[in-house]
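Letters are used for the chains, namely A, B, C and D, taken in the order the chains are written, and counting of residues starts over at 1 for each.
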Amino acid sequence: MDFAPSARAAELTEAVRAFIETEIDPIEAAYHREVAAADNPWQPLPVIAELQSKARAQGLWNLFLPAEHGDAYADRFGTVGGKGLTNTDYAPIAELTGRSFLAPHVFNCNAPDTGNMEVLLRYGNEDQQREWLEPLLEAKIRSAFCMTEPGAASSDATNMQATAAVDGDEVVINGRKWWSTGVGHPDCKILIFMGLSDPEADRHSQHSMVLVPRDAPGVNVERMLTTMGIEDPPHGHGEVSFTDVRVPLSNVIAGPGRAFEIAQGRLGPGRVHHCMRLIGLAEAALELACQRSLDRTAFGKPLANLGGNRERIADARIAINQARLLVLHAAWLLDTQGPLGAYSAVSEIKVAVPNMAQQVIDMAIQLHGGGGLSEDFPLAAAWTNARALRLADGPDEVHRGVVARLELMKYGAKR
Amino acid sequence: MDFAPSARAAELTEAVRAFIETEIDPIEAAYHREVAAADNPWQPLPVIAELQSKARAQGLWNLFLPAEHGDAYADRFGTVGGKGLTNTDYAPIAELTGRSFLAPHVFNCNAPDTGNMEVLLRYGNEDQQREWLEPLLEAKIRSAFCMTEPGAASSDATNMQATAAVDGDEVVINGRKWWSTGVGHPDCKILIFMGLSDPEADRHSQHSMVLVPRDAPGVNVERMLTTMGIEDPPHGHGEVSFTDVRVPLSNVIAGPGRAFEIAQGRLGPGRVHHCMRLIGLAEAALELACQRSLDRTAFGKPLANLGGNRERIADARIAINQARLLVLHAAWLLDTQGPLGAYSAVSEIKVAVPNMAQQVIDMAIQLHGGGGLSEDFPLAAAWTNARALRLADGPDEVHRGVVARLELMKYGAKR
Amino acid sequence: MDFAPSARAAELTEAVRAFIETEIDPIEAAYHREVAAADNPWQPLPVIAELQSKARAQGLWNLFLPAEHGDAYADRFGTVGGKGLTNTDYAPIAELTGRSFLAPHVFNCNAPDTGNMEVLLRYGNEDQQREWLEPLLEAKIRSAFCMTEPGAASSDATNMQATAAVDGDEVVINGRKWWSTGVGHPDCKILIFMGLSDPEADRHSQHSMVLVPRDAPGVNVERMLTTMGIEDPPHGHGEVSFTDVRVPLSNVIAGPGRAFEIAQGRLGPGRVHHCMRLIGLAEAALELACQRSLDRTAFGKPLANLGGNRERIADARIAINQARLLVLHAAWLLDTQGPLGAYSAVSEIKVAVPNMAQQVIDMAIQLHGGGGLSEDFPLAAAWTNARALRLADGPDEVHRGVVARLELMKYGAKR
Amino acid sequence: MDFAPSARAAELTEAVRAFIETEIDPIEAAYHREVAAADNPWQPLPVIAELQSKARAQGLWNLFLPAEHGDAYADRFGTVGGKGLTNTDYAPIAELTGRSFLAPHVFNCNAPDTGNMEVLLRYGNEDQQREWLEPLLEAKIRSAFCMTEPGAASSDATNMQATAAVDGDEVVINGRKWWSTGVGHPDCKILIFMGLSDPEADRHSQHSMVLVPRDAPGVNVERMLTTMGIEDPPHGHGEVSFTDVRVPLSNVIAGPGRAFEIAQGRLGPGRVHHCMRLIGLAEAALELACQRSLDRTAFGKPLANLGGNRERIADARIAINQARLLVLHAAWLLDTQGPLGAYSAVSEIKVAVPNMAQQVIDMAIQLHGGGGLSEDFPLAAAWTNARALRLADGPDEVHRGVVARLELMKYGAKR
């Protein structure tokens, strides 16, 4: 057992850290203020594209590309050394980028584009890859993922009501999706839509994933949702209606009926990424909490020396360390045993990490007083991120259900 | 021991419930949508004034007025029967109004105006009462309370840096305040400002409360703050700078150096009101949670019948009931033993209720899935309210400190 | 609403407090040491009988007797004024007695005898009352309650496997019971046994409660159980086998098939008593914690001034106060609305109070260091009491289920 | 990063697992029953010595011996391959032995003997090693560790009042110790005593560790303590008085004044062992909980399918996995960076693991109903173990203080 990172991971992590410290940290606060004051907060400022060029030139680009599928693309579009990284090696990088709201975009490693790129990488055909994957790998376009629906409990994906009906050599799409993250971005050109194709098929073969151009007739972004009052530009979360949208049958990814299979493949590494970014956010919150607790004084003492504050700081340190190790272990299981071997582990992190982050950030907010709830600190947005991830990609309850089922099956439970 | 409400309390509570059900509930959701879409969300829609007239005509007006000070005003400006209510009698009414964001305004029972009116009622002189209290009691003007500062830990009020220096027959005000709730309202005409007058005086006699007209030269609302991304119109929370603002010495409430004494008097009943409103909010959240858990289906069952959802509903019911009784008891202590006899009790509710409400509402959000975080349900705003009250009027930690100190003093601790 | 106790409750509470302080507290620690060192710890020391005489002489006897059924007996066997108390009036007395392990016995108010006496009072016929109730009211004999079984989940009482088969004018009893509290007492003469009489009857009419003399042939106490290593003399918790035990049909309480009805009637006030006694125990633990935190010094400060200790003391104070109010309110509902009107409330306290007590006592243990786990303080036994009550009389989970069901039925749920 | 165990660790872990399954598990329950019924529960049954011989013959002996100091002894007294194990390699073995109460003794890997052997290994001189270490390595004798005192808060070791005064070529020992684990064992021959030698020396050089023969005149075991009612034979926890006990100066380990230095060295690996054993206990409890939840039926369903039981099982799985990774990582830090590099990590596990285990075992108890509290399942003893470890070797609060101090020092805090 060896907890030291591989040489390549150590080197890349260090390069990413240095890039963030010198290029991103110094501009981040001003960036958000400028965007907040802009007429159109949805338009990213030009500095993003500049930083993207710089990052790409240094090979700090598309680092999320998985070793087993991404090597060709890593060579052409990015990663230092022309090879994709294992989940274990990428995880600490994801943590670092998660400390910042800009960094994932700068390194072209932001959700939902990473997940969508992985889908195309693993399941897309050559045409689909040329048309959509390659511009995504260059950050020339952005994408959205349309799965959750306002009218059905999305914890049970088989509840889905939107349809993707095969009609000759076309697919006809109808329905309403929400929490379509990324649809607010001005460069968003492609949506991956999931809908019901064949209600007669077996339970997990009824649905298809379809590539739907953002500007296809019948696609309408009805509104952008807020999360705890936050709109989260430039990506945002849209409610999107699809009315008799027609796309060629060839836009179906991997063929009709394979949506669940694709979703499973997409979600494992995606959950590791999400969780590692959240751990970065929790670390950043703890850092702010520590600094605040030393800088602010009340009743003649720094906050750190009042009441239970040190205990809370200790608990946060312990909670973050435990959660990080759990995610790294899940990443290692994905690398060494594949999705099935990591099935419980991935659900475990999906429960543990957002709950941990929600608590750690809440503690940091409390130490910041009213300011912690305001836009003066990144804590309100961080908390909202953590809270949302207790629902996104499956609520806690569903993941606990998976963990318990696998646990009880060891003792003979059927399910 | 008798947990039944008095006849008058029962009657008024029923009248308020009926008013809310018939007049406010049917328009509330549309009201918020309309305001959110308005060019100027800070301008209350005319329906508020209409409902205020109707409520006043029915004597459901200024119900917060305390028995011991408010009887004269209750007669002229409001309450059915021309008598103020005890804290115990008012508490269930505050709970009902707290279920709605509009109701407190409709009944002229909203913070911070209630607290400011109480200050004027208890400590204001006749001129101050005529000029500011009376229009407040008629809801002709609105007010703000300026105490917390961005540059100092407000948990320790003696940290305060803003000044209210007596200069002959004037007071000169300088400093910066934030979380000045109510300052965003277009009818806000008067600020109650708290600042340092005499650094040489004894620790709790250094500060004064001063009435500062909103339009006095040198008063500038620098910005409106967000709480978890929410601006909370029409009242809002402002950051306000005071630069060489001069007001007559007669604007000092109860004379220089008495700010702490006034703040203590203001805060007891105010905390009971806040807490009862939060209990109303928690009840409303539990109601939504129950309905949702019966209406939504996943995996072939209503959510109520999945996993731990019923246990969470039970825990919420228990938590709300406990918290309500604690507040009612604190109100009764205030009524029967005064602020000193209710000292621990008031701090206890200030800890217990917001924490309870935060958890209950978080549970309700979880049952609502992504929608729970959006503006489609009142849950995100409710959560933010509860969370903010863990800081406003003193953070949890300070109130726990009070409770522990009083507890330990029973066993001989000096403090 | 009035939180002040009635004059009679205040007077009796004060008398009980004085009796405990002057008569019981001074001997309690020595009593337990002496019993622990005795050859036969199951034999109560003579001082108990002496104190019982003294208490009875002062009318501090059988105070648990409910107003509605107990007045006759109150007159003959005890209570000051010859009238039973309401649940609301008795509750604070139960709290006081719960602080001590001896007090409930001294006042003849200890479980399971109180519950058994209530059963006989409400459902027993004249013969049964003369033979068993009267000596119990005089503390001449003791009793046990035999319901839970080792082989079946007792959370679902319909699981019960022991039988009470009617055979002519006899009842034949077979089966094995455990956690038969009280069976270890040398004066235990009567068992109330619950078993299956008619598997064909409707689900809640299949079982009977039968009076079984402790010395009936076929009754065998197989062993005394430990709870967390504690045997809990003189009452103890036995595992009892019943092998073809025959008793007259007239020993069936209220007739065959009525066990569930009786159990429900027995449990409401019994749960209030249990919970109030636990609140007394939690108060005693908090008192010890406060004293310890002031008396012990580490790192140059009393423990009270280290880390989060004050916050924990405050949280304990708040938790106890909330729990007490919840129980008092449940008692008041029982008094004013009967068992049905208090149905949810009684389950709520059964969840809230033992969990609260478990945490408060655990906190007190922690402040006592290793000593807190030893027999030098009453904390280990107190914790065990609280923990056991999360299972006894129905586990938390069952009571949460009741609370949730009643809550959801408000919104149309069938159950 | 590689979470796979080394080949040697994998092999030894497998051998230990097989030994426990075939030799220990089949006899464990009967062993405890037989001891409980014995006249003298302090006398281990002969099967222990037989199993020890068998284990030693297979090289499954003294596996705790650390690589850096233990190789010579590993060769002569035990471990397969004649080489000590790293902490990382030993940790999973400690976990396995922790599932059973007998296993640590069978493999000569039980506390406090392991810690005492490590002290002698690292700090003992040749004579001390020959006289005490060697027979301990052969399990010919047993030992105790006498540090905590009844009269002082042991969280702050500098509070210690017992004395070890140098008097010429002797040391004179006076004072009272408790929680002297191991002193009840009939083979206990040697005590490691810690006491004050020089009150004038610098704060951490005032104390000495002294080897005191169990039968030295003036040593008296006053009583054996219970922990939650449990006596924990054959080792037990004694209260020991030392009255003018004289031992040669050469019995001082490493010379006077070095007790704190030795304690620090002793505690790092010891805490890893304790924590890994507790993880084994928590795993065993979860296993019992799963089996019970499938075997028992209530309301027509296995407990596993009722209410929140699956969620609790999932949470337990997640909590155990996180805690195990945290301990393994701490072990790896000890191996690769030494005690200083692992300083925070060792305190983190000392907080995280016992708290986790306490909760997991409490959950398992609840699923077992009353039986869970009795001696019919190992859960009551397991809970007591976990609870005690929140105090033993420093209470939670002290370890949280260490973690917070190290965290805040990153941001410039002095301490």
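FYI, a residue touches a chain if its C-beta (ideal position, glycine included) is under 8 Å from a C-beta of that chain, and two chains touch if they have at least 3 such contacts.
By chain, with names taken from UniProt: A, B, C, D = Acyl-CoA dehydrogenase.
Fair warning: this is a prediction, and the values are worked out from it, not measured in the lab.
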item: Chain labels contacting chain A and also chain D; value: B, C
item: Candidate from A-C, A-D or B-C with the same interface as B-D, over half of contact pairs in common; value: A-C
item: Euclidean distance of C-alpha centroids - chain B vs chain C, Å; value: 43
item: Between chain A and chain C, centroid-to-centroid distance (C-alpha), Å; value: 53
item: Centroid spacing, where centroids are CA-atom means, of chain C and chain D in whole angstrom; value: 38
item: Residue list for chain B, restricted to those that touch at least two other chains; value: 307-308, 310-311, 397, 400-401
item: Complex interface listing, chain B residues touching chain C; value: 1-6, 9, 88-89, 286-287, 290-291, 293-294, 304, 310-311, 313-315, 317-318, 321-323, 325-326, 328-329, 332-333, 336, 344-345, 348, 351-352, 397, 399-405, 407-408, 410-413
item: Footprint of chain A on chain B - complex, ascending; value: 148, 150, 153-156, 159, 178-179, 225-231, 296-299, 303, 306-309, 362, 365-366, 369-375, 380-381, 383-384, 387-388, 390-392, 395-397, 400-401
item: Residues of chain C touching chain A in the complex; value: 307-308, 310-312
